[in-house]
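Across the two complexes that follow, subunit A remains constant while its partner is subunit B and subsequently subunit C.
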Partner chain A sequence: MEQTLKRRAGKSPRNWLPFWLILPTIVVLLAIQVYPAIYTIWLSLQKRTPQGWEYVGLDNFRRLFGMGLFDESVGHTIVFLVGYAGLTLILGFFIALLLNRNLRFSGLYITLLFIPWIIADIITGMVFRLLVVPDYGLLSGILQNPDIFPPNGLSILTAVRPPSWFGNFPFPPAPAMIYLILASSWRALPFITLLLLAAMQTVPHEIIESSRIDGANGRQIVRHIMIPLMLPTLVVALFSLTLSGMNGVGMVFSLTSGGPGTSTEVLSYLLYSIGWRQLNFGRAAALALLIAIINWLLIAGTLRVTRLQQRSE
Partner chain B sequence: MKAKWPLLAILSLLVLVLAACAAPAAPAAPAAPAAGEEAAPAEQPAQEIDFVTWYQYDQNNTDPKSDERVGNAYLRKTIPEFNAAFEGKWNWVNQPKAFDKMNAELVAAVQSGGEVPDLFEMGTNWVNLFYQNGTLQDLRGWAEQQPWWKDLDPSAIAACTAPDGALLCIPMSERPHLVYVWKDRFPNGFPRTPEEFMKEAERLKQEGLYAITFFGSTDYDGEGLTRAIWTTIASWGGSLDDGQGNMKLDTPENIAAIEFLREIVQRGYVPEIAFAGKFQEEEAFKDASAASFPTGLFGYRYVNPLTAPDGTQYSKGNEEDMLDAIAAGDVILEPFVAPEGKKPGCGIEVNGFGIPVGAKHPEAAYDYINWLMEDIDRNAEFVLGPGGGFPALLTTRSHELFQQPFYQEAAKALSQSECRPWYGSLMRVAEAQSMVMQTVYRLIKEDPTLDIATELRKTQEEYNAGN
Partner chain C sequence: MQRLSLPSWRTRESVLVNAAMILILIFAMLPIFTTILISFKGEKDIVRKPPNFFPCDTPDGRFDITQCRWTVEGYERVLAPKPADNSLLGFTLTGNMVRTYIPNSLTYASITSLAVVFLAGLSGYAFSRYRFRGHNFLMTGILAITGVPLLTNLLALYQMGTVLRKADLPFYNDRLFIITVYMGFFLPLSVWIAKGFFDAIPRELEEAALIDGCTPVGTLLRITMPLALPGLMAVFLLTFVNVWNEFIAGYLLISKNSLKPAMFGLYEFLGQNIINLQVIAAACILIALPMVILFLFARRSFFRAMVEGAVKG
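Coming up: the complex of A and B.
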């Protein structure tokens, strides 16, 4: 029977159709994903010399781990990701809850809310920077007022980071990092809000109504009905935020350039600096691989936690 | 056999895709005529050929407020002149590039076998990095045969020379660093020693003013190091290397220089905006709230409009503002302060032209360079335009354009200084720049309690681990 099927599959010209149909996709994937990935791996094992590329094994990785700035950047990235993803999800959820109440003009609110999303992150960074440039920024008059921010006022772009509570881990963050998180969240908020609003609107009204009749208050409805039913969307939102936060460089580039000092030097910006400022493409490729692995671990970890949670519920 | 068809097709495609995507081997540099040989006359092409250049200037940008208006206007004027001079042979096509990305773009283009220009406008701070990456052709054989070669300032040639002796650029202008000073802020003259400086700075602070502003942030991957930070270190007799390509930071001179910087920052003699990055430190000099500003000679064209301490406005909003302020005597140019017994130091960068490996028409670049070098007026015009410094050709220095107050003031200040490139024998200049500036920032601004010698040692060890 099996042999007959195999023979038929070999003889029938129609059986090739799926292959030819997906061939263009395979070609595109090979060109834009497989080849760059293989090239990055190759590059991470090379060093440039005046004579050309030289194989150095894992030396680029060793040098990377030996950089003081690498450890620091990992810390900054964690602080940024937690702050950015956490703040955006929480704010997005609450704004979605408000919009879900069918307020008057909610269509207008949604349209207005969407504006930050259509602005490029590099432009957002520049605008936020102009707001707080010392002495000349729109908000610097308020921020640098010692009566409001004693004892000397607050200069976001130049204020040094407070002493760390946990050894070398950069927490609490510098004002510039907090500002960077706020600016990034401001830009990401519309998309996340709309995503969550769409998920919220799929929660059946009957369930909410019956839970109300059973005596559940608003918090209980959110906690025990809405969040579990929206969990897949929340996970997608978390993915989106984690990946954009991990890999985005435009906002850091235009808002703080990793400063003051190295206070906002996150891994993606470090990658840009090593590659495109220092022209150390080998070490940059090594860092790119590490970032890819971290991305993968973050996604795998989030998925695992979500699955466990779903099972327990 | 047929079942293996898809696999074979995919494998063939993979090979094709890899072959298509693989960087073509970087073309070998066309050999420049060897020393002793007559420079090969450029072959007369049958029709006009595009001569492609990369400048940080844009001939199509006519905005009078553009930061780069001087270079933009220069290109707008000279491109037609060059094309007329080489009619039927070359057609000059300039591709404008961002000043802070063009070096990286060139290195990437050469390494990937992409399109590279025939001529590249560059600064010598990156010579070692270009050498390390095999980016530029050796021009020595050709250059030494040219009539203007012996007229070039030897120190400018040295700045263009790679560690193996190859000449990676033709120097056009020299951009030393000095201090722009609002004269009225220092009635007793600009201080000569750190002690005098501290006294004057305290006086200015009591008046609600700052003694100095400088590029104090870590922005642009430590660009600030090449400016006031290096000027200070050089004035204290320090250096960043041991002459053998190793970083050497923990010297008494460097430590003393950083102590001075730390003191002026911590005592509040420097405005906060000096640390904001994106060249914001200039703002404090523009309104005279900061009395002095160590930066490059080239910088005069970016710092405008100006308001003098007595309220005089220089408000054309272009490079003439600073020149007018200097001509009026409101702004003077001075060497930096230096401890007793030391000569004020300063950084210097040479601006010039390189010919990338893989350039299609290097002979067009040769013609262009000769066109600029063989006519003193044209050479002077270039140096005043994109060059933005002192001419590397010694003859051009006597040109009337360089007898104006700005250049005279600058020459006077520089005669009292000793300028040298900050990077010395360091090869990984961009990495070194970033690392040292971050350390200096940490020491002078972020945590003034840190031990200077310890932090400097840590930085040099991290750098030297990569040698």
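Coming up: the complex of A and C.
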């Protein structure tokens, strides 16, 4: 059949059919994805003046890198990504290990576990915010109790960042940042768990059984058999988490709005701040370009890993 | 003895694993339960210091299940029912959320996903069945676009929207613009997912139809499309939920009150109800519930789309 279709596509007058089938998709993608991307590159070299746009070369980038808030946001983003990806991967791996035992209610567990995934990020932010609203949130009674969290109790949405350990790098993070990581992980966990579970189920039973007979304990099996065999999927999961973490901005909006102060202002939120609050579109475009480039590198990395995986199969 | 002790060890292990799973599920569900709890509290119980979990305490501080003060005040404030004679139930809902924002989201989500299914179906079929010049280039290009975040394109799309609005084109309105933007954003992944589904349909069936004298378009519509229907349904549902849950594009690209989607309306609620947590909780539940129900009924479709999408990146 492939031969027939190839011949058809190659020689008969019908070879225009695939072109017409693809055309609408290509038109929409050119208008909504490709053109805006080129426009953003152009925008990043411009500055708005009362007369219109003026070419300023790389000035936007220079000014962006000169902003104190930019350095700080890079720090926040790194802290967020490490916490978010690390926590989600570890928890996802352990839950996948549990689900991999063919429990009787696995289907039910997976269904229930997946509910957070279907809830919008902005709603997730609000749901977690409701718990810690100063004074009235359900958890605030416990968190703000000075006997439990000395000396003054803990108010997640208003407590500022403790003094930094490494110069300007925002570590240890503010309580709000830790809470943002928890909320983000809560929502990302189902998907990552399913991804890892699917990979775990492809690990051949014979290998695990034979190593068990050879005297390997559970931890050794995970460490020396499962993790190496699942490595490509683990890397894909890591990249996917990094991507969603870099670009997700809804939760920052509804949970902390970048605060208290600037302690949860990550790069994606900084883009919104520069663009729509300061109305500095040129500089925001420079930042958008930077974020897009990081995304592309991550996708190229993912592609490489999946290609390697396919080749080895 | 050895034979007897083995199953009991297995059973004990499975009890432990099940217990761990249930514990994890309780933690995963906790934010949802607390939101439901808050949404049924009255204003007097919301603004108490320190907050209490259940609005069930008597004046002397005892817990009494008969004294619970559950109300639907939060929902009333969101829905704002007003008595009306000509309505079926004797009242109409006048809240902006139900009158404007949710119907808007419904419109955007259903039109976008119908269009995405149609376009992704056509191009997924072409990519799956034909080899043509630029095939791999276009597939890789579409994959590369998948990873470019909506966020970085929003600056350009915002400018485009402003220019289009000023140009006063015939038939143009902001609805059309936002739907096209959503299409452009969710098409790339859908094309890949659709191609995967078409790849799984045996070509022999089409070959038989072609030999019997069916045209290629006829084969596509009569043979392939019906077989691909479950897969296309999965694409439809995934896009529907994605558009429903999308916040930042709607927030930045829409300014008219009558065109705002539900997530935008919800975000405004957050600013308007700083103390009235029950109103926010009720609004969150009203907007998230349809998606959760949809997921519970069609979870197989969702998992199918997710697995297909995850493998591709």
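Here, the second predicted complex is superposed on the first by the 264 of 313 C-alpha atoms of A that agree within 3 Å, B and C clash if a C-alpha of one lies under 4 Å from a C-alpha of the other, contacts with A are read in each partner's own complex, and residues count from 1 in each chain.
In this section, a residue touches a chain if its C-beta (ideal position, glycine included) is under 8 Å from a C-beta of that chain, and two chains touch if they have at least 3 such contacts.
Being a predicted model, the structure only gives us computed values, none of them experimental.
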Touched partner set for A:158, first subunit B, second subunit C, both or neither: first
First, second, both or neither for A:112, with subunit B first and subunit C second: second
First, second, both or neither for A:211, with subunit B first and subunit C second: neither
First, second, both or neither for A:68, with subunit B first and subunit C second: first
Partner chain(s) touched by A:35 [first = subunit B, second = subunit C, both, neither]: both
Touched subunit A residues, subunit B compared with subunit C: C
First (subunit B), second (subunit C), both or neither touched by A:262: first
Which superposed partner A:133 touches (first subunit B, second subunit C, both, neither): both
Partner chain in contact with A:280 - subunit B first, subunit C second, else both or neither: first
On subunit A, positions contacted by subunit B and by subunit C: 6, 19, 26, 31, 34-35, 39, 129, 133, 135-136, 276, 281
Complex interface listing, subunit B residues touching subunit A: 2-3, 5-6, 9-10, 13-14, 17-18, 20-21, 101, 103-104, 107-108, 111, 129, 131-134, 164, 217-221, 271-273, 275-278, 280, 283-284, 428, 430-431, 434, 438, 441-442, 445-447, 458, 462, 465-466
Subunit A partner contacts - residues on subunit C that touch it in the complex: 14, 17-18, 20-21, 24-25, 28-29, 31-32, 34-35, 37-38, 46-53, 119-120, 122-123, 125-127, 129-132, 138, 142-160, 180-181, 183-185, 187-188, 191, 203-204, 206-207, 210, 216-217, 241, 244-248, 251-252, 263, 266-267, 270, 275, 277, 280-281, 284, 287-288, 291-292, 294-296, 299, 302-303, 306-307, 310-313
Footprint of subunit B on subunit A - complex, ascending: 6, 10, 16, 19, 23, 26-27, 30-31, 34-35, 38-39, 48-52, 63, 66-69, 129, 133-136, 155, 157-158, 160-161, 256-262, 273, 276-281
Interface residues, subunit A side, partner subunit C - complex: 1-2, 4-6, 8-9, 14-15, 17-19, 21-22, 24-26, 28-29, 31-37, 39-40, 43, 95, 98-99, 101, 103, 105, 109, 111-116, 118-124, 126-131, 133, 135-138, 140-141, 144-145, 186, 189, 191, 194-195, 198, 236, 240, 243, 246-247, 249-250, 253-254, 268, 271-272, 275-276, 281, 284-285, 288-289, 291-292, 295-296, 298-299, 302-303, 306
